[in-house]
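The same chain A turns up in both complexes below, where it pairs with chain B and then with chain C.
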Partner chain A sequence: MNKKKIYSLWFLVPAVVIFVVFFIIPMVTSLFFSLTVWDLKSFTFCGLDNYKTFFSERSLSISVRNTLIYAVLTSGLKVIIAFFIALFLTSKIKTKDFLRSLVFFPNLVSAVAVGIIFKALMHPSKGLFNTVLAAIGISGPNWLGDTNLALFSVVAVDVWKGVSISTVIFIAGITSIDSSYYEAASIDGATRWQTIRNIVMPLVRSSTNTIITLSLIGGLRCFDLIWAMTKGGPGFATDVLASVVYKQYAAGFFGLSTAGNVIMFAVIAIIAFPLQKFLNSREVYN
Partner chain B sequence: MDNPCIFCVQIVKIASSNNGERQIKGGRNMKRKMLSVLLCAAMMGTTLAGATSVLAADDKDSDSKWEYKEATLTFLIDPDTASSGYQAVFDLCEKETGIHIETELRASGGDGDNQVKTRLASGEMTDLCGYNSGAKLNELDPEDNFIDISGEEWASRLDDTFASAVSAGSDTAVYGVPLTATNLGCILYNKDLYEKYDLQVPDTWEDFLKNCDTLKEAGETAVIGSLGDSWTIQVPYLGDHYNVLAAEPDFSEKFEAGEAKYATTEAGLKSFQKLADLQPYFNDDYTATTYADACDKIVNGEGAHWFILSQALSSIYELYGDDVNKIGVMGIPGDDADNHGLTVWEPTAIYGNANSDKKDDILRFMEFYTSDEALDAFTEAQKPDGPYCIKGYELPDDAYDGVKEAQEKYFDTGKTNVAMEFQTSVKGTNCEYICSEVATGQSTAEEAAAAYDEDCKKQATQLGLDWK
Partner chain C sequence: MKKQKRLTLLGDILGCIFGILIFAVPFLFMLVNALKDRRGANLLELSFPETWMWENFKEVFSANNYQILTAFKNSIILTVGSLIVLIIVGSMAGYVLQRRSDRPVKIVDTLVMTGLMIPPAILPTIWVMQGLHIYKTMFGMIMVETALQIPFTIMLYKGFMNTIPVELEEAGYIDGCTREHLFVKIIFPLLKPVTSTIIILNAVTIFNDFTNPLYFLPGNDNVTVQLTLYNFMGRYSSSYNLLFADVLIITIPMLILFLFFNKKIVDGMVAGAVKG
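For the complex of A and B:
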């Protein structure tokens, strides 16, 4: 028995080596360097100063708040909107396949390209959105320049782009529901809305959980869309953890930016693991 | 025209006729032989032609004072610096010294800084790098990355203020040559609008705001904001340094030592307050207006004032020619009408990559770039935005009206001072973002001053200075 176990364990070695070299070692070294002032050639140990700076300096603590708002909003909106689109696309309509591919297309375009295009569309005087609104007689707001609105504009673009994958996952979940449930419901005289609420929603819970987890983690890490649209501006209104880490790196404060990365990892871990546990516990098995 | 065709046809005929008489293999051989002979002839012909041109070129330097040796150097620069001036010098350089410069454009502002630092760290920097002089040079680690030219004899032509701006705090080293003339941190104003509303050039900040009120009431845009390129919004704050020094002459030394702070120095706080004062006068789309858009606006009279570096005059000249003389230059006024001065920026410098394998060519190029010949070529193509940094070289007679105005009002009367970043090595990296916040009304001047102090403290710590 023992020989067999050890023999089969050897097959794991290549994968473990790669995992350790590319994931564990960098994680440990970044934990170390986050406690130093580092310029890639030499470092001086400074303890938790980098972390203190991160939470005390306004520009940096704003980013933590923005990241949480961004992640929660995109995740929530994606789940809700994707669910209803998926319901629509699994009902009896003729152009189902065409519509499904249409809905999926935003996901195929690169985030930077989407960001640049929407930035042009949202230009306060020359952009398409505001010129169309002006034609109707409404003076459109400054989508990306108004500090209260900028973050929400970027959230909207992210949802537009990301709702496609969520829709596909939901479609898969909905189509896998056994039709006997629907038959039973229609025999009992349930309305459409009651069917949705009591049959479809609980039975797609695993899809919902997947989408919540994926989009939340993606939202916490988002960088490319925000950078392409506003570079964290105006001022610090749309700065998120990832863009702040990038700015610190660009300024040459490598120890500080590594500390930011560690904080990002900690935030994601603190949110994602308990969330997974909670969601999994509520899953209903077919 | 017919002869070559007939000649070719005959060759083909000969080649194909031989096919009939001999075996197919032999026929092919004959064709191949003809082709190879033709190709050999062609090769020799082009080699000879090339050789003669090189030889002919080598003969050229007999009467020029420059050593002629062909080489190619790569040069990295941002697009917001007008190019006609330096391009003219590059063209002349290629003619006189044989050095061909290939220009590569990078982003401007904070993004461009990232690109430069990343390329230096990864060893992929071009032979020549165009970057700010002054405090920002320290961020690039010049002792390791750039060539020290202080030992060259032509380096003594650089004026002392510039030399200290490219020495990165060292007493002896000099790392760069000036790319352009000096840059002035000023307010560009549209003279037509001033005439239309009968306005005078203000000598105090109060008077300036009164002018803005008059313009705003008449429905004009008083101040053009170009936050689309966020580096430009630092100018009102940084350009006010003359007034800070007028109130506290040793502010910069105290700041570097960590004793003076912006939040607690009245004059320093005023600089941020000026940004806040401008908020009601900006154009509606100021958060998306780019540097290029703003150039259009100021020339076309769509806005009366623009706080910017005088390099914009060259950008405008490139597009609009002599219309640039519709624009006047004034320093950012303070509180004392008799002491209305101007903050001066030392120009972007060209630094030589210490890890390049073409050091000799780089030094030859730099020697050429600082010569009077090169400056003449530069001035012909692009008039200077301020006085030059080469000792003994004067402003030409046909300089921009705005620059001549600045020369008369500020340089000749001694009312100029270099910007803060040339007096101390500490310049917070978040300066443009903090200034954006004040300009957009997100934060007050006091908050911004405190935030900037924190930002500078962070940088001072990373530079190894001991601040509290």
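For the complex of A and C:
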């Protein structure tokens, strides 16, 4: 049978045209425009000036550090917390369907809405968090106003919102483990913890890898939640690459904004592609 | 065995308490405060309202010359429009990409899969849209959303095509079916399960999208629901009751979707994530 005849390449054309025009062309031209001062109509070439500005001004370069902290923390916390929630939800408890829905729902609410709710909960003087802390005699911190704390507060909200995806991936991984492994372990007299450590953890490694890659990339690109909660403030304490791109765009520095965008590509490419290779090489097959 | 039973019961109780405290209380907090008067809501307390202010919703609806209705209209057009384009171009591409494995197909595959990781280049996209005279138009926005969701959509279609036996097409081909007929009449109907997953997942993503409309669809007439929410945040920073009422109105479509398609959504997200 002639494959080329049945599966015509024409079928690819609409998708490829849309994707190339609205994704690939902007991506490729961004490399050039990041080397210019431009206003979308005319441009003057300025070499590496935008990148020099980016890395010499602390208000901009700090975003690279913040992005890395944000991405690593959110993905690490999601993996650990989701693993234990998933273990709990695959045990013999009866309310697991209810609890699964409960954990999952925040995921469907938009980041802006979640940001608004938590901004109110984290209000320094009358927010619910600090009221509860005050009731047990602790004077709560200024969650989003303290430059040392703000980034971590947003990380916590991101984890709250996104932990459910990681949880359901782990649940799928755990339930696909063959029960003979558990039987063998219980015959050998393994404790619950030994079973988790030596059977469950190695056998869900492919789920772990998926979660790490997904949430790391998500974290590196994150914009909406941070923007809704802090707008990069106080000062530049929660500015990430994506928010710098927006701020420079809003201020009219289009070349600088594009340079920020290119740096974002570079950071993701440097971290995500090798990471995926490394993680895939360590998988244990069931 | 008795001890085991008691232990799971304890697990149930503790799980529900912590689950509700951590995941339900924030929404409950929003719900009760959306129904208070301004002074009550600004105390930001978790308590039932003294007077139930159902008028809050009316006020939010009529604010800014019924902007929220325009926003819902725009968001729905954007979501439905993008979904239609995505399903048509995505299913066609996923079908051929899975069935063939020669060089051009491999190149397209690699190209599309970069889109799963790399974020869009914002300003050059605006530049392209301006060049095509579709910046600040709904059509342009639909094209951008489509381009951004194409990689994920194709990935899901490709994964599902694996499960469809190739003999079907061979039989159809021998019977004299044209290739367009083959796809439209035989393959596309078989893709229905994955199509519904794609509809739900992309609908949630596009309806909740804030960043892209912020960049590519500015202007008061073009406002989408997530943008009105953001605008409300600035305007009603001192009337939490109205702010929360707005959040509630905008979250309701997702809540309804979730009540009906809970299992489908969760399974779809797992399928999508694991294949990625």
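Here is the rule we use: the second predicted complex is superposed on the first by the 267 of 286 C-alpha atoms of A that agree within 3 Å, B and C clash if a C-alpha of one lies under 4 Å from a C-alpha of the other, contacts with A are read in each partner's own complex, and residues count from 1 in each chain.
Going forward, a contact is a pair of C-beta atoms (placed from the backbone, for glycine too) under 8 Å apart; a residue touches a chain by one contact, two chains touch by 3 or more.
All figures in this text were calculated on a predicted structure; none of them were measured in a lab.
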Joint occupancy of chain A by chain B and chain C, clash or fit: fit
Which of chain B and chain C A:91 touches, first, second, both or neither: second
More chain A residues in contact [chain B versus chain C]: C
Following superposition on chain A: angle at chain A, chain B versus chain C, Cα, nearest 10°: 70
Partner chain in contact with A:123 - chain B first, chain C second, else both or neither: both
Touching partner for A:258 - first (chain B), second (chain C), both, neither: second
First (chain B), second (chain C), both or neither touched by A:103: second
First (chain B), second (chain C), both or neither touched by A:40: both
Touched partner set for A:21, first chain B, second chain C, both or neither: second
First (chain B), second (chain C), both or neither touched by A:6: second
First, second, both or neither for A:210, with chain B first and chain C second: second
Partner chain in contact with A:266 - chain B first, chain C second, else both or neither: neither
CA minimum distance (chain B, chain C), superposed complexes, angstrom: 5
Residues of chain A contacting chain B in one complex and chain C in the other: 40, 123, 126, 246, 249
List of chain A residues in touch with chain B within their complex: 37, 39-40, 49, 53, 56-59, 123-126, 142, 144-147, 231-237, 246-247, 249-253, 255-256
Partner chain A, residues of chain B touching it in the complex: 110-111, 113-114, 117-118, 121, 139, 141, 227, 230, 284-288, 429-430, 433-434, 436-437, 440-443, 447, 451, 454-455, 458-459, 461-462
Touching residues (chain side chain C, partner chain A) in the complex: 4, 8, 11-12, 15-16, 19-20, 22-27, 29-30, 33, 43-46, 85, 88-90, 92-93, 95-97, 99-100, 102, 104-105, 108, 111-112, 115, 117-128, 130, 132, 143-144, 146-148, 150-151, 154, 169-170, 173, 179, 182-183, 204, 207-208, 210-211, 214-215, 226, 229-230, 233, 240, 243-244, 247, 250-251, 254-255, 257-258, 262, 265-266, 269-270, 273-274, 276
Footprint of chain C on chain A - complex, ascending: 1, 3-9, 11-12, 14-16, 18-27, 29-30, 33, 40, 88, 91-95, 98-113, 116-118, 120-121, 123, 126-128, 131, 160, 165, 168-169, 171-172, 207, 210-211, 213-214, 217, 221, 223-224, 227-228, 242, 245-246, 249, 254, 257-258, 261-262, 264-265, 268-269, 272-273
